[in-house]
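Heads up, the next two complexes both have chain A, just with different partners, chain B and then chain C.
This part shows the complex of A and B:
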């Protein structure tokens, strides 16, 4: 490891949520930024959404650590800065997976971060959206348990196996809650912009925060083990054409998973385009060849196509699975495929703003083992033919 | 309009007919919808074969053509031309490769026949989706960019400039003349180099067809023979200048190997140890000593030692002109300082050609000493210099001297690397730009339309450099005839304005610099003149906005569907 991370300790009255809001309020007051993008409870009290706040009195409704993820924060930032930056400086409070998706969007020119301060928070995970919709009060009680480090089995499956729930290194400022004493949070600058914020609020990052670091590290190790175990088990259920067909058999082709995915930013999905509309004759031909054709067509191909497009940038945020009305484990499949593909390129999506996406990097020698195995296959075939 | 497709299956002598049951193939594809005629022929690429297709097209009033024969690499253009001559847009044809990809590689005749049927079905299915892309031509630019204002670049510019051909000569220094400007004398005729180059520069500046851009650097060159887009930065004015040329001559010259890297010669530490170029500069009238050969203490030297091959071992090549110009130094020293003692320390002498032997012998007759030596070192004690060396017979020896002139190796200038990267021209292991073929194509580069002349290619004498400039000029004059047209690739990429999200992935993967970003519309835009149709952008575009004409999704889908059916 490099030199230990230093941070600041911010103390205030109240719950962790109130302490974070007190800090944001102070930072707004000290002119660290002009506006805040933050999850807030809807007036009806039955949902949460991202709010762009310039007036600090509205901050009281904000829930920086909220029990569900109805909108992926990167998606919110994309809608805000997709066409370039604005004049004002905005702080965006995001979960680590939302920061990582933002970083991926940045690399693809879909967000402008010049006037944005990315602030991430140690993430306890989120509850399945369906559970919240069914009984918000019960869900809120469960989430209080989660915040105490219990009832982790009620979190969304991808949250249960998330090993990147804390600082990613690509944000400007990280808020550490794990291992913090009651009445305090850790503020960890991760960029000169973040250091600037702490300087302005008069909290230079000088404190030893190795306690927080140790808590994060040990939970990370534990989650890594759980993730590995889960993906290995899941792999046997979801790999191969037959398993994939089974997994996606409940898919009703609503494409919700695509609409909520922060990385799926195409203006028009290829699968909605004229390219994927064929004549009746074409479909009859296919039905004849395959013995039958599921309609509407390309249901599985849509998911495979999305895997091809998304998996290198997939941050396992789980938005797709939350949005699925028939409970297809989309996020789990994407985690599995993403993991494998990202490992092949030694790429961690969202780790750094400077790291180019693998498909933009030309390597003269790459995947030699694949080339060799292809050569091996054709040699084998020749031997058989002879 | 109804589609009428003609399908022609080639026997290719016995190449295809031996493995593929062509009658069975014809029987299988004839009933396919829109197929008007399906026929076999012994050799479609022969004159008779081509005529056969043309007549058939006319007879049946065909709209599309499928030829099942060999690799498109071999005869795609042949059959496209046949279509064009018969009045069909050549893009409305498709070649199914049933020779290399079928007959030659499939062992069972039955399987080969089945595969050929699938391939032809695929071609029929695909060709219906072809678009009649229009032929495009650009008039070649007869103008030429010459990079480097040394003697090689100057001569090339003079030869190429004409009323119908403009030459842009770009030099990064503030004045023209390169290294030759500092040569007070030239071998073997002992004429003044500086006055020769001054004359050449004058005639160059008088030429209205040459635009000289000094203190300028070439920033970007995109395109191909007949059509390069050039961006030059004029450093003095801080301005950018863009223009179009048909060819580029690289005359980026050389630098001397820095003897500081070899401490045994004392260069940089001892007084009165000079490189050959510093000695040249000492001899020109407007040089640092007003043209006089002087020691640091202001007195003329009584003895001078010339050390050969400085850096030859490190560079691992002979710079081939050092011996010759050192004999010139002997004459310069003797005429300015009669009676001066001159000694050469050398291990080998390189005196090629018909006139240099005499030049060398003349030097010896003047009383110049030649000492065959190895492991030469220069030391100083504050009063004078001592050259220590090992003799031919392995003995240690030494001699004192007032002045030392080192003959360092010539090495590639740093710009060679820059242009190699910019233009995709290989560098050799010594860092020089590589000619296309050492013997057969000695001034062309691996990129058509880019030429490499003079010391950019390796150590050369002045006359050799000029010969190369003349050769390059000859090649350019014959290739870039004013008014000549170039046919452009029509199967180029296009980017949908409504689908592009401006992620710039395509810009990163385009090897031809053919895509630019429109900041106002926030989308990528293809320059069709620069696009070669490689398809990288279409493959990499995450939002399906970039597509390659003639290789669109429906075309490939229709083809694959029939192969896999």
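This part shows the complex of A and C:
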């Protein structure tokens, strides 16, 4: 029997956003960290970007619960610490999927978390970037509905079926908003670092927060069901060679999906390398074999290659789909494939910093059925050759 | 006066017949042209070697799913084409190809370049929503009358260079009143004439309808001014305002025909910072902007491409946050090019200004 999670209740005036910012301000004041990495509204007011803020007055432009995800937070942390840790202690306020992607990048050696405190927030989901771009004011209104628990159909498809919208366990501190009384948020420490922050602000985690836990659990169960149902339906539409070709038929090979993906960190993508440059003769041969060759070539191969590279770490954050100029349901395809691959390895990306990525671990016992079918094939081959 | 080949078919039918003749007679081994991907107005460039596939091609379809120059560079980068290929491309694509050739990113050997007086293309998003087909009648009506077709991309509505430079053959579309009944192909070069010889059709001498061309040119000039006024960029850009929404996907660079670097500076790690960079910003300003730094990126890109930018507008088409990159490109590129008296893609022999040393230029800067 696991002892129930304990947390602290933080109260302040104003909206949930203002309460979170009040907590951050207090934590900055108490020297829990030197600066905070947080989404903030850009000066013209029609976009958000990650800012590193130390100055309390600038903090008022911060939007910890942002209606869109213009940049994946893990990518921002990669920019900040990819070259190593700095001297400042930084708290990063992220969505759970951004924390999870950060954890994956950590395992892949792409971020340094020594001086970073990861703080996650119960995530209401994000609106499609295109809807925001089309009409930011309208999108803000819709997002207010979302925050009240309504208009969930206006969220991005992958947010609607997200079952990991709350604490992942890998963060240092989690901010619970679900089921919180008006004027309050829950602060749930998830590591000694997180406990240290709460101690410093004088809010030891002693309160019973089972109400929050129950709300999270029941929404998780609901979303799990919806995710399963959605992905099953989607699977029938998107799998098989014809469906796959059809799903990606509008791809123009701009690589936006790769560029915004938090996990795709290669400096030079294989598909941009000399390995993928061929002679004219080769292209003509290919065209002759098929009657015609689509250009740019290898668009589907690019997606399959990318899938092979990152699907075990895919956190279904949806950044890829937001960035696609031709509305290919990239994130839905990657969620489907990611889920399946991750299940095969019994791996949940971003769950824990200590869990090694499956491809780094050798297990003698795994995938026996694959081994056997390979052995069968080679035996058959030998028999034929004999 | 150039020779003109007339075929008693619509422009697209006639062009397809010409391509069929070239492929069937073995004069070319492949045809590079647009082909539909579905019935809803999706199309892609294809390398076609087979007559049945060619029947389905729609070489004049008003969509630019990729800049053809980028594709032709890809085909001929490792080595020149070893067998003749007929390529049907838009004037801006042809200009971009010329720029790429100047920059050693491909070869014109064995390429037969067929272009047209171009009516423009629809936004890529229309291929997704699937309503290009219903717009086609109004498109061709506008082309006939040498008007700006409704709903075409702003980059096209503002384009003055819709008559191709350096094409071996030019299909007359703009101002061609019989575009749905008659196909007129101008044979601009000896190569064009040689490839066309043997096809059955009427061969005469003629000029492209210059009055209609001039008319459309002035309409587009006026539209460009209107569009710049609307965006408030006639006097220049507030870069902070324009690029604020940029999410750093760099799709604009990936699809740009002129952005040809094999490793982009922004992939090289060159723009990454040591943690001390952010610490300094924190101490100085109380905050720091985390990468991607859209203004730095966009300015560096402009710096790199503006001399060769042909205003094809694909950058704006692929931008997920609708930054009017076409206007940025046209405006900035235009003034950079003007200051050198250079028009990208006009002439293969015209030297790239930054590779040509002229002792007397920019005296004001030197002083």
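We take it that the second predicted complex is superposed on the first by the 371 of 386 C-alpha atoms of A that agree within 3 Å, B and C clash if a C-alpha of one lies under 4 Å from a C-alpha of the other, contacts with A are read in each partner's own complex, and residues count from 1 in each chain.
As a convention for this text, contacts are C-beta pairs under 8 Å (C-beta built on N, C-alpha and C of every residue); 3 or more make two chains touch, one makes a residue touch a chain.
Predicted model, so just to flag it, every value in this text is computed and none were measured.
Participant: Between chain B and chain C, positioned on chain A by superposition, is the outcome a clash or a fit?
Facilitator: The answer is fit.
Participant: A:83 in the overlay: touching chain B, chain C, both, or neither? Say first, second, both or neither.
Facilitator: Both chain B and chain C are touched by A:83.
Participant: In the overlaid three-chain picture, which partner chain does A:123 touch, first (chain B) or second (chain C), both, or neither?
Facilitator: A:123 contacts neither chain B nor chain C.
Participant: Tell me which partner A:309 touches in the superposition: chain B (first), chain C (second), both or neither.
Facilitator: Touch status of A:309: first partner only.
Participant: Quick check for you: in the superposed arrangement, does A:180 touch first (chain B), second (chain C), both or neither?
Facilitator: neither
Participant: According to the contact criterion defined above, which of chain B and chain C contacts more residues of chain A?
Facilitator: The partner that reaches more residues of chain A in the superposed model: C.
Participant: Once the structures are superposed on A, label A:360 by its partner contacts, choosing first (chain B), second (chain C), both or neither.
Facilitator: first
Participant: Between chain B and chain C, whom does A:109 touch in the aligned arrangement: first, second, both, or neither?
Facilitator: So A:109 only meets chain B here.
Participant: Please work out whether A:97 is in contact with chain B alone, chain C alone, both, or neither, and reply first, second, both or neither.
Facilitator: In the superposition, A:97 touches no partner, neither chain B nor chain C.
Participant: I'd like to know which partner A:268 touches here: chain B for first, chain C for second, both or neither.
Facilitator: A:268 contacts both chain B and chain C.
Participant: Check whether A:331 is in contact with chain B, with chain C, with both or with neither, and answer first, second, both or neither.
Facilitator: Once the two structures are laid over each other on A, A:331 reaches no partner at all.
Participant: Please give the least Cα distance, whole angstrom, that chain B and chain C reach in the superposed model.
Facilitator: Between chain B and chain C, the shortest C-alpha distance works out to 8 Å.
Participant: Mind sorting out which residues of chain A both chain B and chain C touch, each in its own complex?
Facilitator: 83-84, 267-268
Participant: In the complex of these two chains, what residues of chain B are touching chain A?
Facilitator: Chain B reaches chain A through residues 107, 498-499, 501-505, 508-509, 522, 540, 542-544, 553-554, 557, 561, 564-565.
Participant: Which of the residues in chain A come into contact with chain B in the complex?
Facilitator: Residues 83-84, 108-110, 265-268, 270, 273, 275, 282, 285-286, 289, 309, 356-357, 359-360, 362, 385 of chain A touch chain B in their complex.
Participant: Would you mind writing out the residues of chain C in touch with chain A in their complex?
Facilitator: For chain C paired with chain A, touching residues are 29-30, 32, 35, 37-38, 42, 44-50, 52-53, 65-66, 70-71, 74-83, 85, 124-125, 127-128, 240-241, 244-245, 247-251, 254-255, 262-263, 267-269, 272-276, 278-279, 281-282, 285-292, 317-322.
Participant: Would you tell me which residues of chain A are touching chain C in their complex?
Facilitator: 34-35, 37, 42-44, 46-47, 49-55, 57-58, 70-71, 76, 79-88, 129-130, 133, 249-250, 252-256, 259-260, 267-268, 272, 274, 277-281, 283-284, 287-288, 291-296, 322-327
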